[in-house]
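Okay, so subunit A shows up in both of these, paired with subunit B first and subunit C after.
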Partner chain A sequence: MSHNIADVQVELKAKKIKPDSPWRSAFRRLFKNKMALAGMIVLTLMFLFSFIGPYFSSHLDAKISVRNANLPPNETHWLGTDKLGRDVLLRTMEAGRVSLLVGIVAASIIVLVGGTLGAIAGYYGRFVDSVIMRLADILYAIPTLPILVALGAILSDLKFPPDKRIYLVMFIVGMIAWMSLSRLVRSQVLSLKEQEFMLANEVLGLRDRRKIFRHLLPNTVPIIIVAATLGVANSILLESTLSFLGLGVVPPTPSWGQMISAANNMIDFQNRPWLWVPPGVCILLTVVSINFIGDGLRDAFDPKQKR
Partner chain B sequence: MKQLLIRRLIQSIPTLIGASILVFLVFTLAPGDFVTQMSADANMTQERLDEIRALHGLDQPLYKQYLTWMGNLLTGNFGESVLHRQPVTSVINTFMWNSFLIAIIVLVLQWIIASIVGIMAALRQYSIYDSAVTLIVFMAMSFPSFFLGLLMLKFFAVDYQIFPLGGMRSTGSTLTGWADFWDVMKHLALPVIVLTLLNIGSLTRYFRTNMLEVIRQDYVRTARAKGLKERVVIFKHALRNALLPLITLFALEIPGLFSGAIITERIFNWPGIGRVVLDGIFQRDYPLLMGFTMLLVVLTIVANILADLMYGVADPRVRNR
Partner chain C sequence: MSSTLVEFRNLKTYFYTEAGVVQAVNDVSFSIRAGETVCIVGESGCGKSITAMSLMRLIASPPGKIVGGEILFEGRDLLKIKESEMRMIRGNEIAMIFQEPMTSLNPVLTVGDQIMEPLIEHTLLSKSEARKKAIQLIEQVGIPRADQIIDSYPHELSGGMRQRIMIAISLSCDPKLLIADEPTTALDVTIQAQILDLLRQLKKDRNMSLMLITHDLGVVAEMADYVVVMYAGKVIEEGPVKEIFKNPRHPYTKGLLLAKPVIGQRKERLFTIPGQVPNPIGLGENCHYSDRCEHAMDICRASQPALQKDGADSKVACWLYEGEGAK
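Now for the complex of A and B:
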């Protein structure tokens, strides 16, 4: 063959092939993953349904009317009405806003707290490390659901107004779940710390804060993204469980879990499934799609670990 | 081995103390106690309330209350449940075994099914069977426990009355022997199915991933090259190594055997510890909640140590590190 290197390079230039950046190739792999793609589509639809959907509803200005209470699904109310005569479809959309928002904010707390603490523990090591990791151990040892439910009951005792209460629920759900991310980030930082670019940073005399937030943490972004995605799914589940027990988001603010708590009433449970099945399906669809996306992201960022 | 055990035991002391302080603070700083609930009673004078508080040591400073509580815990005195008017230990003892019954059946079912399904999926990677398993596994992992429970209850107990609506025995049941056993089994079926479905997802995935990892190892190729039967390669060479990391997982499931399932027990009205704890939360039965939470904390810590030790026993590479 008379092909020499120069020829090949000319060919490459002609086709404008650029070597892929890791990010770009990760996203290419993600979009090739059918399950993850399906997850992204369903999740986008879920967001549109919850945030844009209400504007298309003809019941947006409807007043509470007991005359229309507990209607089964019909032409004007596609999913029927609840005990106050509110349209269940509209209520499911509005509940979606709250549930999705709780998931996202709680996941942000997980990332913020877990990422920062993990990086600090890994970077400083020694005493700081032991204190932070012991704290994580302690929180790990306490069973999640009983303590979460107990905290919810305490919120009820403190009598927070419903609109402020959502924020506390977000905060509690986030603070109960940051530990596993902090462990992951810590171990990543421990190995990154030994690499040459950190030595270069040392030579440049950068401040610790800059080293941690500009040089170490960006390298852990793949794990953080995966953890954040799965954190959203997990937080939505936790919030819905708490609200189902009547200890999370409380009326008049709707959330999917809180809508399902209608099933605690025996008559509603047996004879009016339209009250509690739609929000349950919404939770299931949302969480399944997020889990698929998270799984796809993990594969995309880590092509070596092929499944 | 012994050294590892001792080191881990010593390490777990600060964790235990930290967790106990946290649990104590959550429940002590919570507004209101059972005495506050009594004050709704018009016959109660403020003096009487103070008297009761003093009797239970609630007028002492926080750190003193903590030390008393902790000292009692260490001697096995968990205090008295306000709701049940019995020692916490006997309340836990009464209801925990009902939860244990479900949990142990779920554990066995879950490991058998997950191992078969997961290994089959790994051996047929990328087949239709594999994709179907992945899809179902993800669905199972994403179901909110209460929604799955409600759907099952609606379908199997309300619409088609195959299983009873809830409880542990039929109301007013005077059955004995086999008839009683059969009655309990019928009540047990739905919660067991729900919990197995909920837990099976992640375990199946672990089995699949581990098996896939092991199958690509050199020693598996060597075994094949030697001309061993595929059955021997899979079950003797591959499976044994794939099971190693799962030992840890198994040990970590131990606390779950005793913790009860708060949501599922509530939905199926199962008289387990989870339901009792939930009632305790609604009734502010703090001694019961604190005792139960601490019991789980200890179990979790012990399970963690056990997981480390068992892994060391099973895998010499870890032991000699």
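Now for the complex of A and C:
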């Protein structure tokens, strides 16, 4: 009988020491971080709000009606209506789809392009390094907004179809922001490749691709994750800026920045806050919660950190 | 004994620095036979590790360059084959472990991932087969609970365990030659003995050759079949381990053996070889050891002795024995 108990105890102990899979333990740590958890909840709500919310709106099929224009918040239009009589709540939701999508896609481009180019530049050094880093320098040297203004003008000139313009905005926003990440990754790779484990990999006869993507890049995950989350937030802001300046998403496609820009006159600003406060609050909440998640992820993915 | 696995022929590896040319490995020739343990002994900076890195063709260039000689591995000159072919040899036929088990493992990958990597790279095993093999390897290097250890990260393991994991990684593709570059220097003495036992056992089981780089003569006595003594980039004496320990010829080898503490004999001071290792830049045509040698003669300061046969299996490069071998 006592034998059995001992066996059970040993079994329990063995279960307890069994190492978690790296993803599970990282997420466990992430969920312990209260700020990150709050960020995730807010962001999830934001996604639900933007992507599923519109289906619950009773104004989904409503047509533009000038009779209902500029109504303050009331029972049928909880956040009022804009100057074309569209429900602001519904429009904020639909704008969220665009803004969140732009943020995520642009950040993915930043991570893919910036991470890969940075790692390649750092790993191969010499000529490859010079070419990639000078390219980054050149792109860095041109101020962001003038580039965007110029590109926006060119696009308008080329009669680029407005409904496809959103994809181009994502691409542009990503392509002008990858340099800082590539510099960070490159500098990390430069120091990592001198580490003894890289020599050990060399001795094992691993391929360059494997060394770069399996050994070097995972070591830079903390900075990539932080850069990616900041990238999402920055891209949302940049898209808002662009749309505000009339260079980004073209109406009738809504985005948060574009909604604010629609209210950029004194009368709207002073007398009709329901036009610009909701999208503004959405941008703020999204960006802040993404940044919290980014911090949490960085802590969670650092394998050297004690639980 | 058996067939020759690796043969160094007049290997010369130089480093071109701003201060001048460093002849890190200068005209080194010796061979390693299949299933044999060859120890390379010498002071720090005498070219032991550079010899091993030359064999792996991992000399950082610039500043380093293999300027001459041949390294024959199973009859093929490794210095002439393509980089892609060399990559297939590294880790697959020749494996290497390093001094620092603490930094030789990638901190962000589990040890299992790192053991499986060469298997996936060099063999046709699938991922799940590679994992099974990895668990076997971890068991073979004497770590209990292999199925749990495989998923742990390097920082969760002790130094001795990490070195065992390094050995498991290097053995994963059944190499014919294992180069161990001071594998026990960073470990404490009891672990050291365990690791050496493990290496000896694995070597015997797999009938592989071992090229052991060390400055610890205790390790040499325990492990070696054949000893190569290096000084200032040159081989100055080589021979079977018994011959070297019983009957050292070169004054430097004698000095090294005298400098070793003997258990049970208490001495006030251990013997030290007077002087310093010469500056590796701009070495002259003299015997590099002549400044520190108590038997130095005029000829020693004028020209270098050649490595000559002396006795049945051993060779020595010293003017003291010049002409004796011919007798």
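Going forward, the second predicted complex is superposed on the first by the 258 of 307 C-alpha atoms of A that agree within 3 Å, B and C clash if a C-alpha of one lies under 4 Å from a C-alpha of the other, contacts with A are read in each partner's own complex, and residues count from 1 in each chain.
By definition in this document, contacts are C-beta pairs under 8 Å (C-beta built on N, C-alpha and C of every residue); 3 or more make two chains touch, one makes a residue touch a chain.
Since we're looking at a predicted model, the values are computed, not measured.
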{"item": "Subunit B versus subunit C as contact partner of A:F49, first or second or both or neither", "value": "neither"}
{"item": "Which superposed partner A:A263 touches (first subunit B, second subunit C, both, neither)", "value": "first"}
{"item": "Touching partner for A:R214 - first (subunit B), second (subunit C), both, neither", "value": "second"}
{"item": "Residues of subunit A touched, compared between subunit B and subunit C (which is higher)", "value": "B"}
{"item": "Subunit B versus subunit C as contact partner of A:W274, first or second or both or neither", "value": "neither"}
{"item": "Touching partner for A:A200 - first (subunit B), second (subunit C), both, neither", "value": "second"}
{"item": "On subunit A, the residue positions that both subunit B and subunit C contact, one per complex", "value": "none"}
{"item": "Contacting residues of subunit A [partner subunit B, same complex]", "value": "35, 134-135, 137-143, 145-147, 149-151, 153-154, 157-158, 233, 237, 240-241, 244-245, 257, 260, 263, 269-270, 273, 276-277, 280, 283-284, 287-288, 291-292, 295, 307"}
{"item": "Contacting residues of subunit C [partner subunit A, same complex]", "value": "56, 58, 86-92, 95-96, 98, 100, 103-110, 113, 117-118, 121-122, 148, 151-153, 155-156, 166, 169-170"}
{"item": "Touching residues on subunit A, where the partner in the complex is subunit C", "value": "14, 17-19, 21-22, 195-197, 199-207, 210, 214-215, 218-219, 221, 303-304"}
{"item": "Complex contact set, residues of subunit B against subunit A", "value": "14-16, 18-19, 22-23, 26-27, 30-32, 125, 134-135, 138-139, 141-147, 150-151, 153-154, 158, 209, 212, 255, 259, 262-263, 266, 277-278, 281-282, 284, 289, 292-293, 296-297, 300-301"}
